[in-house]
Amino acid sequence: MINKVVADADEAVRDIPDQAVLMLGGFGLCGIPENAIAALLRKGVKGLTCISNNAGVDDFGIGLMLKTRQVKKMISSYVGENAEFERQLLSGELEVELIPQGTLAERVRAGGAGIPAFFTPAGVGTEVAAGKETRDFDGKTYLMERWLRADFSLVKAWKGDTAGNLIYRGTARNFNPMMAAAGKVTIAEVEELVPVGQLDPNDIHTPGIYVHRIFQGRGYEKRIEQRTTRKS
Amino acid sequence: MLDKIGIAKRIAREVRDGMYINLGIGIPTLVANYIPSSINVVLQSENGLLGIGPFPTEAEVDPDLINAGKQTITMMPGSALFSSAESFAMIRSGKVDLTILGAMEVSEQGDIANWKVPGKMVKGMGGAMDLVASAKHIIVAMQHCSKDGASKLLPSCTLPITGLRCVKRIVSDMAVVDILPGGGFKLLERAPGVTVDDIKKATAGKLIVEGEIPEMTL
Amino acid sequence: MINKVVADADEAVRDIPDQAVLMLGGFGLCGIPENAIAALLRKGVKGLTCISNNAGVDDFGIGLMLKTRQVKKMISSYVGENAEFERQLLSGELEVELIPQGTLAERVRAGGAGIPAFFTPAGVGTEVAAGKETRDFDGKTYLMERWLRADFSLVKAWKGDTAGNLIYRGTARNFNPMMAAAGKVTIAEVEELVPVGQLDPNDIHTPGIYVHRIFQGRGYEKRIEQRTTRKS
Amino acid sequence: MLDKIGIAKRIAREVRDGMYINLGIGIPTLVANYIPSSINVVLQSENGLLGIGPFPTEAEVDPDLINAGKQTITMMPGSALFSSAESFAMIRSGKVDLTILGAMEVSEQGDIANWKVPGKMVKGMGGAMDLVASAKHIIVAMQHCSKDGASKLLPSCTLPITGLRCVKRIVSDMAVVDILPGGGFKLLERAPGVTVDDIKKATAGKLIVEGEIPEMTL
């Protein structure tokens, strides 16, 4: 098997240039590439376009990169948990493109599947449809949407092997598999990196062909946004 | 007049055995608490889970297991996890039987507005546009009027819309109404202590009242 | 959880009518719904349209339904292993639509994903493009292809639970997951049916929402078309 | 002149460390036998596997594990299994570095015909059209001429084509040629015992010969 292992997050993101288009996995703070984000903060790249379902919170996730003004544009479905985000947006420092969540997921999937465009019913008749081609199929109206691809995709998995095969855990899977497939270069960080042969080929969520670099992350915080519990 | 729990209880009565259901944030989430245990349903979380269970105990809290409102959750036995692409694939292809969500306005044609208020920071539509464009059956949980008394059931929406001609039924604090295929709010039930006249006054869109309107039972 | 269990294959296919459009999982004879096919033979439904990557062999798989003249039309990517198929095709008794394998997989995937049409590069400039819309994206030409859906999908998995969750094994996965999603009614047969709670939610390949009926199959033959071995 | 094994051996020399490769049925399948063990590659089977291993021993035979030619196979450590949709997703998105397949005809523009012979039963294109439309690099393994001596490297294909302008390189029993971006077969190497003149006579399409043409080494 082909060995994709790099030493750490800093080595993995070493060649991400200013103005790069990035995809970052995660839903809220669940399943985000914590180590890669920390490395981007250290590296200080600027002018990034970040495609990610959310924009983190003020002091974690993509929110950290907003604070350091490394992000030029966010492409997301929901960005509501971040005061610094709001400030930059209102002051015009930050550009934002909002996309329905299912359309975002499917556009990224299309990017990784070699499908340049497809039709979806989401957003017909709304602001989202502005400037887009509509077409009727079997009596229902759909919008044409284009694929999304990235210069670099940063994903986080639970387990991975040295050949780049990934297994996610729980709802931390979310956007990670599609983003792994849609990156020209895909960087995966995992909680546990194992030699090839340790993961059951039947259980792989992201085949190694999509992953160019893999490393074992350190010190995962896995912050919880809405800790909600019951008594008994 | 119903409070939030009352609205949730009334909507819970719409749930049928064997349904796959997507519950939006807010009142819709509360509906889960009032579904009788004799009824088997599966709750979908659009971030990638079929089979949402109760909130966890402190000991069960798992940061890798959250719902679409980013709350910690548990899984029921027989759950399945999947990607966001798969999640919206099943939503778009009509596999989710019932979607329950909140709204700021609904028009008499069934248009819904629930994602953007001009002048306020836009947080994003999340999965709402995908859900309303695809769901087989949509029930809206909402207040009949705004705090200053303006009707939210309108001839047409004034706010930016989330989806066209998609709402089938509304359960508000005052009434249960259906949106007729040709347009119009058909009054089905009154909330306890609310008269047909109250509802007429509170409904700016075309209200259709035929025969005796029963008070709802919860 | 919702219980989807039916007693056996005969009960599962009881309401499949003449002229139905079926999808059948499998690649060659690998991962085919053996029990459901046997039940269709017993039931004797006629005029079927079968969407399946292949058409079985003379004495197994869909080949058995060709022999009994139950199939009106095959929609496949490759149909080369079947003499009776060839005879019926040349005599005009059987209609055949050939689709590139990736396009077939994606059209079925689109059917289960609520995507009525999409663009693919496969078949541009070939007979397959006849009558289809072409469009250029980023300087490359693509064909527009429509979704495929079925009245009934017949799929075969390794393990399944009573809620309809499925896990496939090896390359027997192939077309089964997409077909499970694209059926108005999906019937799954499994080698091992277990109570809910026995399968890890993280390992499920087909979530139960796509499966309407499930039963444990019997007497799997799992025939091998090209038994190829090495000495040592 | 090369035999089938010779063609496979010569193609094996095109393989680079770290490549993901799809091998078609026939001569291409043989290529796997001649890739040096010092080179790490991953073989894709379009029915849903990355990491094809050697054929199984009798004891290892598993009916749930076959390649696209329906032969029983094994898996290498580090393999991954997936659906046919995922398989062609990675093919279409250019993740497979090299595709090696057979052909009945190739045109000097790089068009390929390999799925249909008029008058013979049409068996289907399988995954060939998807592969040729998407692969980053395509090498064709073929006979330079048919049994009756007619050239298969043509100005334009006479058989129904599988894909347009997609073939980059041909390894035949007589020669290695590249298809130039502007069209034409550029002669790179001669098979042992074959002269440039032999190749000229056997090539109906435009053959470009520049300088000394080396004999290939295997």
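By letter and in written order, the chains are A, B, C and D; residue numbering begins at 1 in each of them.
By our rule, contacts are C-beta pairs under 8 Å (C-beta built on N, C-alpha and C of every residue); 3 or more make two chains touch, one makes a residue touch a chain.
Note that the coordinates shown come from a computational prediction; the quantities given were computed from them, not determined experimentally.
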Spell out the chains that contact chain C while also contacting chain D.
-> A
Please identify which chain has its centre, taken as the mean of its CA atoms, farthest from the centre of chain C.
-> B
Winner on C-beta contact pairs when A-B is weighed against A-D = A-B
Starting from the mean Cα coordinates of chain A and chain B, work out the distance between those two points in Å.
-> 29
Rounded to the nearest Å, the gap between Cα centres of chain B and chain C is 36
What is the distance, in whole Å, between the centres of chain A and chain C, each centre taken as the mean of its C-alpha atoms?
-> 33
The positions of chain D in contact with two or more other chains are 49, 81-82, 85, 88-89, 91-92, 134
Counting only residues that touch at least 2 other chains, which ones in chain C make the list?
-> 106, 113-115, 120-121, 169-170, 202
Per the touch criterion, the pairs are A-B, A-C, A-D, B-C, C-D
Touching residues (chain side chain D, partner chain A) in the complex = 17-18, 20, 40-42, 44, 49-51, 75-82, 85-86, 88-96, 134
Complex contact set, residues of chain A against chain B = 27-31, 53, 76-81, 86, 89-90, 98, 100-106, 108-109, 120-128, 158, 169-178, 205, 222-232
Which positions of chain C touch chain B when the two form their complex?
-> 1-3, 111-115, 161-163, 165, 181-182, 196-197, 201-202, 204, 207-210
Along chain D, where are the residues that touch chain C in the complex?
-> 45-49, 54-58, 60-67, 69-73, 81-85, 87-89, 91-92, 111, 116, 121-131, 133-134, 160-164
State the interface residues of chain C toward chain A in the complex, per the touch definition above.
-> 106, 110, 113-121, 135, 137-138, 140, 142, 146, 167-170, 202-203
